[in-house]
Amino acid sequence: MSRVLKHTAKRSEKIGLPPGTPVYLGRKKGETTRACITVMEYDGELFSEREVASAADLLPLKPAPTVTWINVDGVHDEGVLAEFGETFHLHPLMLEDILNTDQRPKCEFVENMIYVILKMFDFDAAREEIITEQVSLVLGPNLLITFQEEVGDELEAIRVRLRNNGTRLRKEGADYLAYTLLDVIVDRYFLVLEKMGESLEEIELGLASQTSSNTLGRIHHIKREMIFLRKYVWPVREVVGSLQRSDTELLQPRTITYLRDVYDHTIQVMDTLETYRDLLGGIQDLYLSILSNRMNEIMKVLTVISTIFIPLTFIVGVYGMNFKYMPELDSPWGYPLTWLVMIAVAGSMVVYFRRKNWF
Amino acid sequence: MSRVLKHTAKRSEKIGLPPGTPVYLGRKKGETTRACITVMEYDGELFSEREVASAADLLPLKPAPTVTWINVDGVHDEGVLAEFGETFHLHPLMLEDILNTDQRPKCEFVENMIYVILKMFDFDAAREEIITEQVSLVLGPNLLITFQEEVGDELEAIRVRLRNNGTRLRKEGADYLAYTLLDVIVDRYFLVLEKMGESLEEIELGLASQTSSNTLGRIHHIKREMIFLRKYVWPVREVVGSLQRSDTELLQPRTITYLRDVYDHTIQVMDTLETYRDLLGGIQDLYLSILSNRMNEIMKVLTVISTIFIPLTFIVGVYGMNFKYMPELDSPWGYPLTWLVMIAVAGSMVVYFRRKNWF
Amino acid sequence: MSRVLKHTAKRSEKIGLPPGTPVYLGRKKGETTRACITVMEYDGELFSEREVASAADLLPLKPAPTVTWINVDGVHDEGVLAEFGETFHLHPLMLEDILNTDQRPKCEFVENMIYVILKMFDFDAAREEIITEQVSLVLGPNLLITFQEEVGDELEAIRVRLRNNGTRLRKEGADYLAYTLLDVIVDRYFLVLEKMGESLEEIELGLASQTSSNTLGRIHHIKREMIFLRKYVWPVREVVGSLQRSDTELLQPRTITYLRDVYDHTIQVMDTLETYRDLLGGIQDLYLSILSNRMNEIMKVLTVISTIFIPLTFIVGVYGMNFKYMPELDSPWGYPLTWLVMIAVAGSMVVYFRRKNWF
Amino acid sequence: MSRVLKHTAKRSEKIGLPPGTPVYLGRKKGETTRACITVMEYDGELFSEREVASAADLLPLKPAPTVTWINVDGVHDEGVLAEFGETFHLHPLMLEDILNTDQRPKCEFVENMIYVILKMFDFDAAREEIITEQVSLVLGPNLLITFQEEVGDELEAIRVRLRNNGTRLRKEGADYLAYTLLDVIVDRYFLVLEKMGESLEEIELGLASQTSSNTLGRIHHIKREMIFLRKYVWPVREVVGSLQRSDTELLQPRTITYLRDVYDHTIQVMDTLETYRDLLGGIQDLYLSILSNRMNEIMKVLTVISTIFIPLTFIVGVYGMNFKYMPELDSPWGYPLTWLVMIAVAGSMVVYFRRKNWF
Amino acid sequence: MSRVLKHTAKRSEKIGLPPGTPVYLGRKKGETTRACITVMEYDGELFSEREVASAADLLPLKPAPTVTWINVDGVHDEGVLAEFGETFHLHPLMLEDILNTDQRPKCEFVENMIYVILKMFDFDAAREEIITEQVSLVLGPNLLITFQEEVGDELEAIRVRLRNNGTRLRKEGADYLAYTLLDVIVDRYFLVLEKMGESLEEIELGLASQTSSNTLGRIHHIKREMIFLRKYVWPVREVVGSLQRSDTELLQPRTITYLRDVYDHTIQVMDTLETYRDLLGGIQDLYLSILSNRMNEIMKVLTVISTIFIPLTFIVGVYGMNFKYMPELDSPWGYPLTWLVMIAVAGSMVVYFRRKNWF
């Protein structure tokens, strides 16, 4: 199914269901795939990493300062999600949003937890398409739960830093871990922008050399990708902004300072997107002008050739007539004079077009 | 009558009438159809459902915690509406708005009642048109009155949930019922969006294969539908927003939390509409470029054929002349040489056009 | 003079004059026409209606609760206006604005009076043009003065309601009368919108059947009318909004509730205008696409005919040459073979164009 | 030098100079022209008018209630400006702005003075160009200093009113004089708007009759003038607005009431400019559609003529061939039958084009 | 690498690195180039200027009122930057931003320092391209550190003024020096605007004379430059605005007054950019209209020539037929009458086209 429908297709299935009914709206997987739950527990000194089968195995959490990061890959598994909802007292509406992979990025402060839902982007080089994946963060005291749509290693860099003893990440709390995740996710946006920038470059360079109808398709394709990127990046600004302005105890003042940096990055992403949008508009205008120009060129060729030869063809037609009494035909000067006239006509046409700068 | 006029045609009939005169402005029905009034009374344990003939039969309402939901199908029946106005002390201006089926979605807090007027959308697959129906909600203490334009079963899912003992809906008050209605109505918007998304897909796929003038019509048609959808969805945001911010006792804090969810959904509907708008703009640009490109192709064919054959036709014309003294005609090499010249001319033309990349 | 100039042409005459100099800037009438002053005095029980010659005849006003409504038809009569200014202590800048019939709709609270300047619209069906007329309302305690540009019966419906004993209008004060006038004026806007909607319909339906250059003219014409309508309707929102927010004693709380209704109507007018604007934009795009499409059709016909016959004409030209030694000419199969070749050429062209879907 | 550069060309000369260095950036005059300083001193009874050579001659100012209005024509004279700076303690940054004739309109409250910098417009009918002149007002207690770029009589009307004993202007303070100047300057904007309106009219009327490439030039020219007008009128709104909101003692409450009138006028100027912009956009669209339509007409003529005659020419070519064995040639019916066939072909073409509504 | 990528290309290298890791993202230089550090220490009387090798050599700073200005040319040298971070306790996130030469202009108040990051523009006349260079200012008590990307003399004018005893710059504090730098940087923007204005002029003048496809390229090129300029100038407004509104002790009230001037300049730059944008849009429209017009001209020539000669060629073709029985051929009036008919046909065509105003 195509991108346009991908994000809205199954919402209608939920009409009339009670609010807070958790229904997974994303791409369906094979039935057998179960969500994969991994846990990392760490503080400045200790570190443990393991995989568990169900949410119940996670309790009780170790007391502070040990931070627990639970990562759930595969939100399509509604059963596991329901378990998490019960075990960690997640709000049913939030659970619904986490499952609904068409969710607009948002940030909610419910009870003593912060829910952040974001999009992570990847770039499929083969199909030149952006792949979106929804990432949900639930930040509690001393605890971070993350939900991803698919098993992937986008966040592996963070895990590596956690495993290394002595990194700053190990010494800070769960809020700093959440910030680091946000930072990585927003930084990935630049990756997609770079790919887009490269495509823009290619299109622009290609304009001069040839104008296959392919150009049109690529301009349209990249415009579509930009529209979707924009749709999901725009609300991220609000999300990070409301995190910054919040006065919750879950976020330490130092982390909020760092969040300002993420905020700046999202603004820069938006700026760049706007710039690309303008550039693409310019490229499209240029392309259309080139088309018009080319049309003019074609018409000029046709017109020059036609207007030179049509009168000549008429002249030769005249002396191809079979009238009995045509005095010119009998004159020995008829033929050479006709040539002279024709050369004169053609010559004056050429001069006329030259003056009009047509060739 | 067409859509453009449907919504404004009869407003002018009211000029000069005193304000608050309830006049039905919607599609006129057969005179004999009377509004259909159904009542549901329920609390956690009890439940009754019946149909009544007039507003007066509804009094007295059962005391709390029993919730009374009165649904009126058919607001064209001005008499019944007037009865309701008297019986439940509805504000005359609000009654007028309920009857005026061209009303902009709005929300008013008058005395101890909340009036909400919304549009419900349906999609007529046959004519590919959005069908709008106005739904008005009057929320009083322990009481919800809903007015619909036509008898329909869009809200049947809610009735089913009410009939089932033990659902959350049965345990909560009238405000939660109103929220559930809002939620269902806004969720239906996604249905229309999906249909639009499908149409966009079809148009986009059709662009490549053929460009019948039909494409134009469909693009224009879907644009029109989007303009109207936008007109009625945009104010819904304000409506839900002002419900959320209100400090009336009619809405419990918990319900307001749920309303935030509806608010998010309306924003998502608007976002998607904007995205579709941008996409449609892109498709239109692409279509026009394809038209231009096709024109160029046509012109190239014409030009190539013409410019190759016009000079040749001139040459054969020359030797079709009947001059007595044309030495070439008598030469045995005249004819084959003429062919050679013509092949040379045609060949150089072909080389020229090849170099210009014209075919 | 045309509409573009109608509204700005004579402003320049006032440069350098002291502010507050009342100069009539509207369409000049014959000198003999004098402004027509009518007075209605009423309360719940009494009612009198008469015509007076000058402002001085109006004093003293009857005491409350009798409401006095003075209507002046013909603001071009600068003398009468000056009399009114003196008699009722109107502010000179406001008098200037009332006379300046190019005034932007506005609302001013000066001393114990409210000045409201609005545009009333009518539709000249013959010339398909909007006719604007400036209406100024001065609301004082127990008193309403209205100034119209021309004698007309747009407000006759209100007069009828006043003459009838027992209507609500008779029982309420001058502020309610002012509200009723505003309501009637804004409701008239819908009339113009309906006419525009009808024109849009006609244009849209006409697009498919034929595209005379007339379509262009009508699209342009209606766009112009919309631009002007928008110019004068937009500020009305502010006017009604500032009336609503004012805390003057001249407006009773109940009247302010009713004003909210007028406010909603102006927003609805603006919404509909915006929708029409978008629709018109869509129609124009569609029209241009149809033009392009038609051009393509024309070019296809030309190209198909030309490219089929030009090579054939070349072939017959070849055998029209008069060379002595052309073996084909002497062969009995020459003529039929030439026909075969020509049919083959034409046939392959037709197949080529069919495959390219050109006809 | 052209308008684009006129306003920015010499800014770069100042890079690196200390701020507050007064450098004249406007059009250079002959070196010998010295600024012309005129003084008017007046109160309700007294009035004197004289010309002085230098700023020092102006001190001491007469005490209140005598108002002193000093007008400096020719700000290019940097020496005189420096004198004024010293004599009246003008702020160096403000002096710099007064000299910089590319200054954006602005209003500053520095110490006990108000600095207002505005643009005055004139219309050069011959070259159809707007002429901008910068006017700076410095309002002190009992004192108004105005700086103009060139000697002109735009403000002569005000001087005349001042010379007349008994006008309101004579009785009021310096703030009222400043208001009067602002009023005259803003009223002059309407003059330029009228000229533009006339040009728009002419262009629009010209569209129907002929489409010389001149139309393009005029549309572009007027668009340019509008862009520049807009650039300098837009900030005037802020200027007047901040004067109104200021709580300085230099402006009396009554004057502020009058300023509201100027504010309304600037908004009306902006409204009219926006309207003209929209109108011009409409005219341009109409022009492009007319071009397209005309192209279609041309193509139709070419296509009709070509497609009728090309097949006929082929037919006559066929019987111009010189094959020995062409039975048709010997038949006595050959010639008339050929004519019949040709008439049939041409006739069916004509019918086809008629049905397609091509002529 | 091209401009599109220049600014975003290497961001992705940083994904997953801890925040505050200083990585230089700009154009890589040869490895051997080390950053060049120059120090100026001055007060009203003393002045010293020297070059140092490392940050440590700079301590201890001289006490107030001596102002220390440290300029670092070459931020690519990550080692030197790290030294500065340690020596002057710069915030790691700010250091990161200084190194990241794709940073959006911004202003941060961290602890007792103000960080300002701006773009400086230069114009490469040969390649007609804007060259951006990032300049970072760190303002501490009595101290200003500036970081530039490359060694350049853009700020030389300020150094000259510092070296001169007695200038105001020497007498004021570090905040005034920072203001002067801002002023010079913003004033340089006008330089780029002037160059752009000149290009706009040239393009506009060139439109009338000839329309090489070069015009398209230049319009597109300048549009691109404007998009980038806009991207980096727009946030400068915020930067200067937040400096003005700050209540830090680092900025003296007098300096804030001067900053208002810089603020006005940035607004003027934005205004001019907007104006240029509008102008460029107008030029592009004009160019496209000229293209369309030219196409019409070409088509007219083709159509006139074709429609005049095609019927004539048909006529001469008719009498080139070889039918035995063609009575016209034997008549002595055949030939001259044919000429008369042809002249009549051609003449009526000419009259027809003349009336249609085609030539």
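Each chain gets a letter, A, B, C, D and E, in the order it is written, and its residues are counted from 1.
Just so we're on the same page, a residue touches a chain if its C-beta (ideal position, glycine included) is under 8 Å from a C-beta of that chain, and two chains touch if they have at least 3 such contacts.
What you see is a predicted model; the values in this text were computed from it and never measured.
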| item | value |
| --- | --- |
| Size of the rotation, in steps of 5 degrees, that lays the CA trace of chain B over chain C | 70 |
| Whole-Å separation of chain centres (CA-atom averages), chain B against chain D | 42 |
| Inter-centroid spacing, chain D versus chain C (mean Cα positions, whole Å) | 26 |
| Contacts with two or more other chains, residues of chain D listed in rising order | 292, 295, 299, 302, 306, 310, 313, 317, 320-322, 326 |
| Topology of the chain contact graph, where touching chains are joined (line, ring, star, complete, other) | ring |
| Residue ranges of chain C in contact with chain B within the complex | 157-158, 161, 167-169, 179-180, 183-184, 187-188, 190-191, 193-194, 197-198, 200-201, 204, 257-258, 260-261, 264, 267-268, 271-272, 274-276, 278-279, 282-283, 285-286, 289-290, 292-293, 295-296, 299-300, 302-303, 306-307, 310-311, 313-314, 317-318, 320-326, 357-358 |
| Chain B - residues contacting chain C, complex | 2, 4-5, 7-9, 11-12, 14-19, 93, 102, 104, 106, 108, 210, 213, 216-217, 219-220, 223-224, 227-228, 231, 284, 287-288, 291-292, 294-295, 298-299, 301-302, 305-306, 309-310, 312-313, 316-317, 319-322, 326, 328-332, 334-335, 338 |
